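In the two assemblies presented below, chain A is common to both, partnered first by chain B and then by chain C.
Here is the complex of A and B:
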């Protein structure tokens, strides 16, 4: 009896505190977002607010057009992801399965791109975007990121693990490169694709400096810029409204994760099993 | 086999790629600018330093401006923090698409002058009431060698905030007025539980403590910089830092803090006095569960304060008609009525004498005496560290202050080091400029 009990609940004993650790900050954000400003720093008023003040939400929303910002964030993040998936799967396929001159050199150059911090290429990117005439538009935030050295690298490694017998079989069935990629490779590396998608979404959803640099109008700006209005304060952050805005900014990602949670976890497990 | 297939997939690749980019292109809404008319279009880049509502206030002011000026249309561009704004303006300068006007922190004046980016507006100002009506200290933040490059718009200084409840509890009925009193008051207000301090007497807003430090040096009757060098190793500066060290050694002040953290500590009653920006007034008043007192920073040889915040600067590289329009805009943003409005809404100090003489601000000063304190102290205020490469110089100075307060090094050698490093950096930039 005993060992099975331990087995059953032992894991929970470890996971529960870990879960609390993870959920703690989120809960704190939520609780702070419904407090009054005085309650935030008054130790005697306890962790929970006396009354739930929902006013912080409209007050935070009034600082900037958050609806537009959210729409833009979706378009930019989604646009980048779609373009990236297309470019990295094609590039990764070429690097993994084709032979062409200077393949290794070109691949090294791709890897080099991962090592450059984004700030190092801000000005050149800025010039490119301006030459393309895209300043102050949504594509200005998408175009510099449509290719990803990191994604290409990740996917190339995954493609190389797919047995060549499978692609040979597809070839025998009359598949060209594109159909082999579509029918054989991509389904088999779905875990890697999902892992990359998560990284890409989180990175670009939260990006602040680049969008700030290339946009001027409110109609094309993204959520982190709205958040910056409340966070970057000479006067000490406006905690209650900042937390309310934070809830709004993170909730789509959180929701996405909760909905697709099983998928994500499954795909990571498969990735681990390989 | 492979080689025969390759061209096809490459073509596919191009098609898909082009499709993706076109699709991305259609997502954007590129704003269309009317052209060909005689309306002058200007951009104004500004940071938001005090609270989120400022964005709305600035946009509202600019909408009013646009509504009342047929020939000039200004596009407000929020550009993040002061540092972000500077980066954005410099990037635009780098590609030759300078905004007509922008609002940097005043320390950046020499940096922009070094880039030959600023229009000299002295003549326009002289033809106007600028030299008569602006508070001289505030006007000085946009001056270099007797030439004017902008108009002061959002000005702040550090002030001494104190917790009136804690003062009453300790039986103290007035804010300290001299450094000696500051030390005594801080001692009386520090509460220890054994080795732990449960309530500090005094805290400086960290992160900007170099700004507060300059105020202390000014209270020793020295401005520790000129436009091409710093003098952090002058006796007046060393004496100021020695005073700080004494307060840390007496255990009445923490040796380090952060800008946000110090304000939080004050609101939570963990420090009885706080040096922070006048810009924090509204937030501290609204968020503290006790009555907040505001006083002059105590004097030593004299009162002294450093001006934070910044002026509206105008670009040199623009046609005359645009510069004229930029001036109209900057002049309008800083007119008596708008400065009054701005001061009441934000806590920044109105830069015009006529604003303070008006009924509206008189009534406001009665209602919020703290605003009056900030104004009165402004008589002793001057610009903050206007040297080339001020970012690095600030870091050298802050590092010297931090290391000294942490007890790693003595004040004299720390400030000598900082001075040497700073001047070397300034000389390097000046050489490059020449």
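Here is the complex of A and C:
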């Protein structure tokens, strides 16, 4: 069966406009960030600027400490990921390979966390973090995400695919559970680990509500919070500078996405399956 | 000594106990954090909902069901509830239909598949605050490009986020843009597992593309659709970010949603007891929604898919 030409181009006729519509907002951000303020409010000036104005970028960088924000985003996202890898590897190994009482009950308790994300329980978590004296610190943005029911689930599924002969062999060689986990299981499930890491990084790099609640000074704010504040402080007055700031905030992840496109796509594609 | 040894031999729990201990030690790090930041907050919210608690005060008074009576007669609660339900029940199905059509179109060997995929998927990479902000700009009544396009098409210009009628639909359109690509990818993964010869056979029998979609594709990937519905509902919590950035719940509370209403009660009116009660109502709503979906869609999935 060969597809007819009409069918082949018919698909493009639908997909191309849709894709342009989807890219529109990104294009708008980029184009506005090199416009002058006058052009933004002048409908007759057309989509593209007359001259590319790069001044908006230094202006955005000088109005808020984006370097500090980026460092904080990096530390928070990295901190969450490192802690998560430790907790979910240990828990997933126990669920996949060990027998112990109340196993199913405890596993459903882990899954319960997926149903109750931070958006649903932010209020009492806010009080807990305040009582722990963590307010306005980087750990405040990390601790609620250290354990991950979703990550444990993903990794448990992957660990179950590992042939038991391999871990039996490791046991004969005198490996304990921890060294079996480290030397046999983790290397074998690398694709799953990478998939989980990418999803975790995208989620927490972009987090808004929780960091907003637990931070109140420049020194600990992350990129999304900084951008939100900038937007609030000049509401609609200076779109060119704001869009330049937006480009600064969204470019790290988008660049990673462009470079590791296949990895990103595969990770999100297979995250829920298997 | 012999008796003891005999006893131990008969109940080989020695080994089992050791394995259990190892298991619990491995679960402990997760369980500590789950307890502190998932179970304890839920229990505490339940406790607070029966009390009068103010933010920053140590005094707690027992109220019984008073907070719940207040919630059920509070018109703003019902308004936020309606907005939340409206947003979830319309946005998620629309985004999934959109995602399914895109996935089917991209599960072919047309040119530029990878480019198309990225074009639809990239909004997932953009922080909710940046997305919300850009769409405020796009929706700007005076100089925004959306009104420009409406004008060019001969349609009336709208006030969008400044209109109590259009603000919530405007946020819903943005959400469909933000999440369809994510759902599309998950559905694509499932589509790639559908045996090609099924379509070949259907084509030979003269089955139309639309009927292939409804009678072959959808039933075969129904477990994944079910999964996407659940993911979608959990993502709909994120409307807090959009509303917070784009409208602050306005105009006239037309975009107030339960998560924002919890925030307002807790941090503007400092009423932790009442805010906890609203939070519990939200959990009940999501719980009922997921249970309903599991009972209807979930059951059909097993019947058809396996």
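Just so we're on the same page, the second predicted complex is superposed on the first by the 202 of 274 C-alpha atoms of A that agree within 3 Å, B and C clash if a C-alpha of one lies under 4 Å from a C-alpha of the other, contacts with A are read in each partner's own complex, and residues count from 1 in each chain.
We take it that a residue touches a chain if its C-beta (ideal position, glycine included) is under 8 Å from a C-beta of that chain, and two chains touch if they have at least 3 such contacts.
Everything quoted here is computed from the prediction, not taken from an experiment.
Engineer: Now for A:88: first (chain B), second (chain C), both, or neither, which partner does it touch?
Structural biologist: second
Engineer: For A:140, select first, second, both or neither according to whether it touches chain B, chain C, the two together, or no partner.
Structural biologist: In the superposed model, A:140 contacts chain B only, not chain C.
Engineer: Would you check which partner chain A:259 touches, where first means chain B only, second means chain C only, and both and neither mean what they say?
Structural biologist: neither
Engineer: After superposition on the shared chain, which partner residues are touched by A:79: those of chain B (first), chain C (second), both, or neither?
Structural biologist: A:79: touches chain B, not chain C.
Engineer: Hey, is it chain B or chain C that touches more of chain A?
Structural biologist: C
Engineer: Please indicate which partner A:11 is in contact with in the superposed arrangement: first for chain B, second for chain C, both, or neither.
Structural biologist: second
Engineer: Pick one for A:19: touches chain B only (first), chain C only (second), both, or neither.
Structural biologist: second
Engineer: Quick one: classify A:101 as touching chain B (first), chain C (second), both or neither.
Structural biologist: second
Engineer: Tell me which partner A:128 touches in the superposition: chain B (first), chain C (second), both or neither.
Structural biologist: Only chain C is touched by A:128; chain B is not.
Engineer: Return first, second, both or neither, reflecting whether A:177 touches chain B, chain C, both chains, or no partner chain.
Structural biologist: both
Engineer: Considering each complex separately, which residues of chain A are in contact with chain B in the first and with chain C in the second?
Structural biologist: Residues 40-43, 86-87, 90, 98-100, 122-123, 126-127, 143, 146, 177, 208-209, 212, 225, 228, 236 of chain A touch both chain B and chain C.
Engineer: Quick one: which bits of chain C touch chain A in the complex? Just the residue numbers, please.
Structural biologist: 16, 19-20, 22-24, 26-27, 29-34, 36-42, 44-45, 48, 102, 105-106, 108, 110-111, 114-131, 133-138, 140, 142-143, 145, 148, 177, 181-182, 185-186, 188-190, 200, 203, 224, 227-228, 231, 234, 237-238, 240-241, 244-245, 259, 262-263, 266, 272, 275-276, 279, 282-283, 286-287, 290
Engineer: Would you tell me which residues of chain A are touching chain B in their complex?
Structural biologist: 37-38, 40-43, 60, 62-64, 75, 79, 82-83, 86-87, 90, 98-100, 122-123, 126-127, 130, 134, 136-140, 142-143, 146, 176-178, 208-209, 212-213, 216-220, 225, 228-230, 232-238, 241
Engineer: Give every residue of chain B touching chain A within the complex, in rising order.
Structural biologist: Contacts found on chain B: 2, 5-6, 8-9, 12-13, 16-17, 20-21, 23-25, 27-31, 43, 47-53, 55-56, 75, 77-81, 84, 87-88, 91, 94-95, 97, 156, 259-260, 263-264, 267-268, 276-277, 279-280, 282-284, 286-289, 308, 347.
Engineer: Within the complex, which stretch of chain A touches chain C?
Structural biologist: 1, 3, 8, 11-12, 14-15, 18-19, 22-26, 28-29, 32, 40-43, 47, 86-88, 90-91, 93-94, 98-101, 106, 109-110, 112-117, 119-128, 143-144, 146-149, 152, 177, 202, 205-209, 212, 223-225, 227-228, 231, 236, 239, 242-243, 246, 249-250, 253-254, 257-258, 261, 265, 268-273
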